[in-house]
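In what follows, a structure is listed as structure tokens, so that the remarks can point back to it.
Chain IDs A, B, C, D, E and F follow the sequence of writing; residue 1 opens each chain.
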Amino acid sequence: MSKKPTTKKTAARKPTARTKKPKVDSWKRADGRAFDELRTLKIESGVLPNADGSAYIEMGRNKILAGVFGPREMHPKHNAKPNEAVLRCRYHMAPFSVDPRRSPAPSRRDQEISMVMRSALEPAVFLERYPRASIDVYIEVLEADGGTRCASINAAAVALVDAGIPMKDLVAACAVGKIEDKLIVDLGDYEDKKGQSDMPVAYMPKLGKVTLLQMDGDLSTEEAGKALELAIEGCKKVYEVQREALKKKYGIDQPQDKPQELPPAEPESEEEPQREES
Amino acid sequence: MSKSNIVSHLKQKKITEVLSTGKRMDGRAFEDFRELTIKRNILFKSEGSAEVWLGKTHVMVGVKVGTGTPFEDTPDEGVLMTNAEFTPIANAAWEPGPPNENSIELARVVDRGLRSAEILDTHELCITVGKLVQIVFVDLYVLNYDGNLIDACGAGAIAALMGAKRPTFSEGKPTGEKVPLTVRKKPIPVSVIKIGDNFILDPTADEEDVMDARLTVTFDEENHVCTMQKSGSEGLTVDEIKKCINMAQGKAPQNRVKAIGD
Amino acid sequence: MSKKPTTKKTAARKPTARTKKPKVDSWKRADGRAFDELRTLKIESGVLPNADGSAYIEMGRNKILAGVFGPREMHPKHNAKPNEAVLRCRYHMAPFSVDPRRSPAPSRRDQEISMVMRSALEPAVFLERYPRASIDVYIEVLEADGGTRCASINAAAVALVDAGIPMKDLVAACAVGKIEDKLIVDLGDYEDKKGQSDMPVAYMPKLGKVTLLQMDGDLSTEEAGKALELAIEGCKKVYEVQREALKKKYGIDQPQDKPQELPPAEPESEEEPQREES
Amino acid sequence: MSKSNIVSHLKQKKITEVLSTGKRMDGRAFEDFRELTIKRNILFKSEGSAEVWLGKTHVMVGVKVGTGTPFEDTPDEGVLMTNAEFTPIANAAWEPGPPNENSIELARVVDRGLRSAEILDTHELCITVGKLVQIVFVDLYVLNYDGNLIDACGAGAIAALMGAKRPTFSEGKPTGEKVPLTVRKKPIPVSVIKIGDNFILDPTADEEDVMDARLTVTFDEENHVCTMQKSGSEGLTVDEIKKCINMAQGKAPQNRVKAIGD
Amino acid sequence: MSKKPTTKKTAARKPTARTKKPKVDSWKRADGRAFDELRTLKIESGVLPNADGSAYIEMGRNKILAGVFGPREMHPKHNAKPNEAVLRCRYHMAPFSVDPRRSPAPSRRDQEISMVMRSALEPAVFLERYPRASIDVYIEVLEADGGTRCASINAAAVALVDAGIPMKDLVAACAVGKIEDKLIVDLGDYEDKKGQSDMPVAYMPKLGKVTLLQMDGDLSTEEAGKALELAIEGCKKVYEVQREALKKKYGIDQPQDKPQELPPAEPESEEEPQREES
Amino acid sequence: MSKSNIVSHLKQKKITEVLSTGKRMDGRAFEDFRELTIKRNILFKSEGSAEVWLGKTHVMVGVKVGTGTPFEDTPDEGVLMTNAEFTPIANAAWEPGPPNENSIELARVVDRGLRSAEILDTHELCITVGKLVQIVFVDLYVLNYDGNLIDACGAGAIAALMGAKRPTFSEGKPTGEKVPLTVRKKPIPVSVIKIGDNFILDPTADEEDVMDARLTVTFDEENHVCTMQKSGSEGLTVDEIKKCINMAQGKAPQNRVKAIGD
């Protein structure tokens, strides 16, 4: 989603993100990134006037909108829980987001991603504060470029805070893959398809917990451990961009008082060299 | 777009009162459009695209070109398909699910505007007669709803089609090259709604919510009428219809300029 | 629907309808009609024993049944309106009504026509007299020959009166088209497909209001105005046949006391030369 | 067709009382049919059609002939497909929607009657072996429901098929000519219902509403049984079944005459 | 469903079933059976731990499970009947039960069989004892070999008793067919497809009532009568196997006190020569 | 698998109390599996089959080999499709209907395990390049549910595939012969669930009902990881994940032996 030219919204951040301690390994990827370097990452909150909370993310060429509605009365009522809110997620791709065009009807993959997104976000939300309510998170993928589930989680977490939902922590997500026996972070579409492994991870940085973990491919258990740690490093970088997006909107220190639980900055987040998209 | 509940009645009263002073809730005159902004070709996986803002109404239009079999009675012609999707992020009251009456109307009115104008050269979309043709999908994707979707989507569809490129074929095989779609006309829909005795252009969601009737008229570059569509729960007199057509006709050229660029 | 031979129902009317003031233009159509001449039109009310109201129409070779049920309790209840009845329309085509056979599942076109039918009929009904109720209008097209939406509206309006629903006015519908740069009324299937323009119109003759207006094709605004007026002339002819059908059933002057709002005859409706179907 | 509510119980009591006097609510004797009237070929867009009245039960049967691929195990045979639709105009309690249990039963019983009798010469419907065959659709369209749909539709299906013409093909191409469908048998279904200890023919909707059981038997011209179908919530003894078969057999010939004309 | 090797459940019965009075006719079928001889028949009750009642049947190579749940609260409530329970049946085939694989979505045939199963079982159940309740009978066909509707009814009847539902009688089902102008019982798949007629019958032996009767093919009325009697003979043999399966589980004389209505053995059921599956 | 209601809370309390003593409700130690029994090729209409018991969890896996068109980007490769069905006989709370979230997850996790391991030689499934390939359907059919479906179905899928035979083709025509499917790897999923601070293997339905999180890890014969899938409403630390991987890895070989036989 390109910026509407004439409107002055809370400004976007277009930074990111080589690691601060450059590794010895100078191997480069097809697009010139280092193994632990994220694609260009841009997050903006409060982009949808009609939603209670929203965020727009560009992660590489992924373009994704997240809208949050709630807490609101559950409909239909019999799905409500007496002691807490129900978090409902719906991941959806625009027909023109992929090649070839896809049908607008939800696929099995869409349903699976909706489910893992819910599992990834649930642990971060104080659901018990809104018994009988629903909190609805809707994802619309406008353009897909590999790693849409991670990008969607990143946008959804910011949108939840933007909606004023009390959160225990943010949730930041990033994938790690293996190509030519090397572990790399944040795979683009072209890497995704020829990779030997793909492992999307979501992480709550303050609480130190993994809330999404999937993997397909071939990794030794050692590699799996390393990949997990590398992914978490990536999540932490994403987290900084998320916080920045919220800061831009809500002021420098803390984002309003409602989502009081937004975590303070992690100490290791000082420097972030910028990288422009090729 | 029901007028049945109390909130609506209060809203209607308020809106009508303000209209009786010759103004609208947001200060516009009856014939004023909100700012219309269109950006083209912002998606790289679509053969064409346009992002449209009309006030707070926000729409993404994607054009995809695929292949398929032709209709039996037009074996040497490609096909144009228009779909609309009301995403649940666009409005708190919209739920995910299959197309409903309103999204079908949106798609049908835009679609009929494009077809009536015979906008595409469907013959150039034929790959192998009777077997394989190109199918041009126009997907109208509503991201934020604040009224007047038809005008926003109609302009966006033209913008997206004019920027679109289609793959070419030689003897039934893809050549790997792309050429611009031939777009023969630039039909632009303009909607007029009636509230009480007042006729206004470019309604907001609140105004649509209390409207009595709407008339959408699509015009081509010669200011001929390509399509009309009346909706809403009240009738219109012949004079009122003529007034609507005139009001709409006055705005079509400037929206066309926004859609096709300079 | 052919007449069941052995039953004596309220008789049909098989008239209609060259204009009373023959125009100078002697151009004829493929089927020999003048430009402003309707196809053979026949309407019969009260044809469905189980419906609260019903009508059967033959307009050219269109054969269409309309059944009205209600006012009755809305089901499901949450669709009811507290201050008025909800008019629901469903346009449906029999699989054998067109060539080739069509699937019985409702198409997008069916849904669109259902919607415009509702808009066309709503303004004529005193919905406010039946809060919380539904009034259901079901259309079954047995044979389609061009102009089914107009024919369906014509049948539905008569069926509503037949059901005793209080009406502000009848609704009469007729299309105008352009062929070889000439405007003509009530296009048949063969004209529909090669026409340059098609404009279906529904009209409340007593109230003087247009309730359906669609158009596809290419008309100057002047032509559009003329076409509209020509269509309304056609609607007025249809209206006479509708009134006749109701008179046949309910007596000469007024059709029972329930639908009190049935309009009196328009002055210009005296003469109606008959035309037999070829 | 539930017997659960109070109205039904009262209705049942009343109907049973009258039956105990040897008569029915409408004055008919147990074995009397209402008047069966069938008109053929009244639709010009169908390859064949029949309009059926049986008392107030009113059905339209349309036959359409299309083309499609044959089943794998019968590459040189065309296909017969029977569908039933309960339109919402036919009964206040019927809602629009996909086929329900009852309309599926109706279609299946009529379909099985036609197939069991091997009514069509499916080989004459082959256009290109293994590739293309003719498909004959029989659509049973219920316009007004007052009981005994199976008998009405079964007779109507025969009438419509016997009047139907199919397009012909030569070397896979349509010739533009039509020939009558070969109809090899004329199976006619007759239904008997049991209420209490009484067995009656041609039930009305009220009678079906309170029935204990129904047995439908389809007969061919030699008065052989082609299909049987028992339904309803009560069982039948062997003697009762034989009685039903005999009652049904007695009526099949006269309904066949109505269906096929003179 | 093969037996889980390590578990000792109530033993199966693998008998069956030439007629006790050998006929003069010595004509044999493709698999060597006499005209009135059932395929190998095995029924086991109580096979599904989570169901209220259940049964597994092998009838020829058919392999079918029946599970019964209820009486339980009807869901959705508006389907409940104020004066009796509603019996609901669902016949379903596993995708791998036939060749070629079938879609898991229910077909029109599935819906028809579900309906006739309900009609076949309803007369045997004291529905009036459980107003407002539902009793759900679910059939899963794991392997189909001709005559699945009869086999399903046989399993369902045993499962209903196993669930403790009070029954007026058991229901036993068996088909009769005509091949080469001869009537034969319990057609296998290979016979089903080339037969001239097929007539599935369900029967309540104690009450002497037929609750399922379908027929396709060509029979004189005389033949139809004979076929019906032959089918009932087959049902009686099935009935003995059903009773045996229940005896195995519930003791020799009567199966617990709950299903008090289980009928006593019919006098003619003394001898049952065993036949092993080929 | 909700924890919202009172019964669940009591169950959770009870289960957690017992776990705190180092035992489980059924007396097993945390790492104990229930007895896993697998029988192969017990269905004669399937190309391969396996019946699996894991305690009271009972699953039938059927493998069918059909034909279809290949995907556009892999014109010379056959296709593997995995589906799961939660039959209503397997659990009192399961209703008939289309796949739900849980059955989709089951099918997807098993499917990803098979695909990640590139278990089939998809090239041997090609009949005519770009036109016709063999499709291998793996249907997971749950007959009784008592927890840990993924492990039961994953082992059953391998067992069924290893016993499966596929028809062969020569120049696009079936030869009438069958050969065993080539199964290149034997991936086995093992799930670990967390309840409070306890990690256990092979959960029952009751244990799954109160779990905080689950991690399923699929291993190939070299004890490499093929897939991972975390579910449940709580997060896991990195150390906890590593612990789960280790626990799972320890059990994979013995389940593989059960699946592939001796």
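The rule is simple: a residue touches a chain if its C-beta (ideal position, glycine included) is under 8 Å from a C-beta of that chain, and two chains touch if they have at least 3 such contacts.
Quick caveat, the model's predicted, so the values are computed rather than measured.
The chains touching chain B as well as chain D are C. Contacts with chain A and chain D are shared by no chain at all.
Greatest Cα centroid separation from chain A: this falls to D.
Centroid distances from chain C, each centroid being the mean of CA atoms, peak for F.
Work out the mean CA point of chain B and of chain E, and you get 60 Å between them.
One inter-chain figure worth recording: chain A and chain C are separated by 55 Å, centre to centre, where each centre is the mean of the chain's CA atoms.
Remark: chain B and chain C have CA centroids separated by 29 Å (rounded to whole angstrom). Chain F has its Cα centroid 48 Å from the Cα centroid of chain B.
Residue numbers of chain A whose C-beta contacts span two or more other chains: none are found.
If each chain is drawn as a node and touching chains are joined, the picture is one closed loop, every chain linked to exactly two others. The ring of touching chains, read from chain A in the direction of chain F, comes out as A, F, E, D, C, B.
The touching residues of chain B, counted against chain C in their complex, run 2, 4-5, 99, 101, 104-105, 107-108, 112, 115-117, 215, 220, 223-238, 241-242, 245-246, 249. Touching chain F in their complex are the following residues of chain E: 1-2, 4-7, 48-52, 54, 61, 63, 65-67, 69, 72, 90, 92, 94-101, 104-105, 136, 138, 140, 142-144.
By the touch rule above, chain E contacts chain D in their complex via residues 81-84, 108-109, 111-112, 114-116, 119, 122-123, 199, 204, 207-221, 223-225, 228-229, 232.
Only residues 35, 37, 39, 42-46, 49, 51, 53, 56, 58, 60, 62-64, 66, 83, 85, 87-92, 96, 98, 137, 139, 141, 143-146 of chain B touch chain A when the two sit together in their complex.
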